[in-house]
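Each chain carries a letter (A, B, C and D) given by its place in the written order, and its residues are counted from 1.
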Amino acid sequence: MLGGPGLQSQKVMEGEYVLLYLDQRRTYLVKVEAGKTFHTHKGFIKLDDLIGKEYGSKIASSLGVQFAILKPLLRDYIMKSTRRTQIIYPKDIALIIIFSGIGPGSRVVEAGTGTGALTTALAHYVRPNGRVYSYEVRGEFLETAEKNLKRAGLIEYVELKNKDITAGIDEINLDAVILDMATPWLVVPHACKALKPCGTFISFSPTIDQTVKTVEALEEKGFINIETVECLLRGMQIERGKTRPQTLMTAHTGYITFARKVLEPTAENGSQEGL
Amino acid sequence: MLGGPGLQSQKVMEGEYVLLYLDQRRTYLVKVEAGKTFHTHKGFIKLDDLIGKEYGSKIASSLGVQFAILKPLLRDYIMKSTRRTQIIYPKDIALIIIFSGIGPGSRVVEAGTGTGALTTALAHYVRPNGRVYSYEVRGEFLETAEKNLKRAGLIEYVELKNKDITAGIDEINLDAVILDMATPWLVVPHACKALKPCGTFISFSPTIDQTVKTVEALEEKGFINIETVECLLRGMQIERGKTRPQTLMTAHTGYITFARKVLEPTAENGSQEGL
Amino acid sequence: MLGGPGLQSQKVMEGEYVLLYLDQRRTYLVKVEAGKTFHTHKGFIKLDDLIGKEYGSKIASSLGVQFAILKPLLRDYIMKSTRRTQIIYPKDIALIIIFSGIGPGSRVVEAGTGTGALTTALAHYVRPNGRVYSYEVRGEFLETAEKNLKRAGLIEYVELKNKDITAGIDEINLDAVILDMATPWLVVPHACKALKPCGTFISFSPTIDQTVKTVEALEEKGFINIETVECLLRGMQIERGKTRPQTLMTAHTGYITFARKVLEPTAENGSQEGL
Amino acid sequence: MLGGPGLQSQKVMEGEYVLLYLDQRRTYLVKVEAGKTFHTHKGFIKLDDLIGKEYGSKIASSLGVQFAILKPLLRDYIMKSTRRTQIIYPKDIALIIIFSGIGPGSRVVEAGTGTGALTTALAHYVRPNGRVYSYEVRGEFLETAEKNLKRAGLIEYVELKNKDITAGIDEINLDAVILDMATPWLVVPHACKALKPCGTFISFSPTIDQTVKTVEALEEKGFINIETVECLLRGMQIERGKTRPQTLMTAHTGYITFARKVLEPTAENGSQEGL
């Protein structure tokens, strides 16, 4: 399980996932299965040898190369889930989480599930008494997502739904609706019904045109506090006397659009409130 | 309280904080106290009139101007806490949260508390069974932070400590140590002792020089996975036919440095692991 | 005159423009007129006292505050021309110049003239035997532009034309057509006729939508090497031990679109070239 | 020759360089030599067939693939010169040119020459009566630079010097000193002597530390208007309905530091100017 109380056991146990860390660019998320062997181009590691080792210790491969045995963090599970599609990054997930206002206990609808990278993050933060309802039309993705969520120990907080969210949202009274899909604007009317008042809508889209359509749909439904941002993350090479930004960076992943649902003022309300 | 189960009452109750929303730039975090009046340049609102209204509804001021009555999100509490010092922004807090790997149940040390913006976010995410220990040498800041944490309903998850963290960390077996202070490198040796193996260290610093010193201290203590990033957030003006990025942006807040603690391999370990 | 051979006289002469430099943010472009006085909030300077002083020397105001007497650079003339509209910045002008490929001897059409900021730069670089034809429909701007070009000593290289460029371009065989106007796509067909083969088309537009329309018009006319970029310039505060990027920056000025004209292959050509 | 009057002949002549353009990423700078053949993975082109063709027309390779025959622009010569070292980019050269204030007639010292990319740009803009003095200690680079400058038709405006500029600058009364080298701060005292009053100093450095040292050296010598910037260029993919920034970008090339030389105020001056 991710995180958890600080006093938990710190020995590697069979069946757990560990992150074998060689260097910044080479890390491996490995399930500790007795009798199996993990092979790298730097030699192999017998997984039996990992069992009972302390997290944070190091282990040498058959070629004598040291790997650190790390307890995977949320970010590791995210990165290992997204590698295949590489659409949504931790930087964007981070903003989505904080803009959405969700936390322990929140009820969230998400679409599409994809490989479950964002789902993993949502589940991590709504624990222990919240819930993520994740819609995905492509069945093959749901299998991958399920595998990734189980790996992260978070499947119990998620309901994976093989459904088209543009046809409607089953849940009501939601804290947030979070979309990473091709046509988010088609979901806006459903989100408007499914969200509780003050609930948040968030959409992540790579193109300008998706963003414009989504903002227009939000305006039409009376959402307020609509804003769109993009996030650029730049790595730094820190070394005394040679410090400088990294040479390459991801120039674009997507635009994040945020909005809040409100109840429309009725004529009656309007007259009541005026003095 | 922030977030919470979706089925909670949605009527404004006396003593709660509401966010009165006029437009993107003008929002007001107001405590609903019976008999009091909230004054703006757009007229006044009698707070008694808010009690029993539904969240998400609108209310007209004495001048007939509509304000939306919103349930404050984490981001609102953060923004209303930081206004005075304006050093740490939601974009940075978001990255710190996700990089740290913390979540419900995590035990975290933070310094300095400041006005409690970052503390508020940490407390929000470690609920319900985690804890934030927040160090601050300047007593006057602690009072403000306490007020802000109470306002956000999160004080019970935080222990505010009027102590100099460069003199030592009282807690052990921590999931994360998170620093937003002038001399983070002085805390690295203490963090190394206080963190559990695989625990995360995160520091936020405005200048290059602070960052270089911190990275050097981390390297000296054997931390791994050390990386430094900066995050640029740019707003977009979305309007059909006129879409463009906003004219001005914050060019810099600070660099975020991340690292993981490992146990050092002993000579004995080294020989044991080799095949 | 700007630049010029290095051995020219370096004494301030009556009638010249000097840049009085107080600090990074406070500079004044002043015409040295005998008998006149220049007033600032830091005291006054009798312009007679400037005559005969060496460029690069300093002069004290009536309040004893030192001002450096600088020979204005191209960038100073640009900045002092754009202050009113603040649409095009040196960073963008710099890219436009280098992407356009123009240099001494080039013949360039520009629209709209505006206050002449870009015109000034174009004239500076096509000297001594090139020419800038600058179109502007708003007569009042042309007067300002003329004043600014005279001030920079560059009016002789420019033909200011009070004409609507969307109605056509009078010149032919141009090296470049450079547009900073609301509807650049309407000029593309005229540019295609007016440019010589391999001539460059450049357009600067604040919005995405202008850019899309312009790129489509260029594709329709068979232009090649079409590319669009945006340029972000960030200032650094350099100070040992405190170095960091500046706090605020311009987040957006406009997108620059570049293209090259080619002759379309005729059927006959096509068959001749094939082997 | 680059640019030049608009009415020049537009037929390809033997001995000229042409840019064969396949698409945005595949362009070839080719010298038109009779009897030779240019081979690409898209077939070959007999260079004899290019002679007499109009610039801007297209030619088919032996495999029937169309290439546009373009007259190279300054940017093409720069890009084809830098490919080997890839340190200085057109975006940086553009800012250096405009910040320096140079133009036709300027006298400029540059170091180090490298492969001549920046030298090419400087020579292009100081034509016809200015001059570039380019220092380089590594003889092998000077040969490449000479070849690149000849190719661009600009060698006559440049004096290549196999000398160490940190040992001194031979020229005086310069308009600008422009540095792209490892230790620019060592050149500041020489630049201060070699520049005419109001002359500009520009340095391009990849690291923070080089920049700090250079700024300190400039302050010590009394330079004013010192400023440092970095330039981020981001490409856009423009396509109706799918417009978005490009996925990858260069995150960092270098910091550009700019300053102006002034004459120091003497005590006598100070008393004369005061009232």
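Here is the rule we use: a contact is a pair of C-beta atoms (placed from the backbone, for glycine too) under 8 Å apart; a residue touches a chain by one contact, two chains touch by 3 or more.
It should be emphasised that the depicted structure is a prediction, and the values quoted were computed from it without experimental measurement.
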Which contact partners do chain B and chain C have in common? none
Between chain B and chain D, centroid-to-centroid distance (C-alpha), Å: 46
With centres defined as the mean C-alpha position, give me the chain C-chain D separation in Å. 19
Out of chain A, which residues touch more than one other chain, so two or more? 208, 230, 234-235, 240, 243, 245
If you connect every pair of chains that touch, what shape comes out? Choose line, ring, star, complete or other. ring
By the document's touch rule, what are all the touching chain pairs in this structure? A-B, A-D, B-C, C-D
Under the touch definition given earlier, write down the residues of chain D that touch chain C in their complex. 2-7, 10, 21, 24, 49, 54-60, 62, 64, 66, 68, 70-71, 73-75, 90-91, 93-95, 97-107, 121, 124-125, 127-130, 173-175, 196-198, 200, 208, 211-212, 215-216, 224-236, 238-240, 243, 245, 255, 257, 260-263, 265, 269-270, 273-275
Where on chain D does chain A make contact in their complex? 206-209, 230, 234-235, 240-252
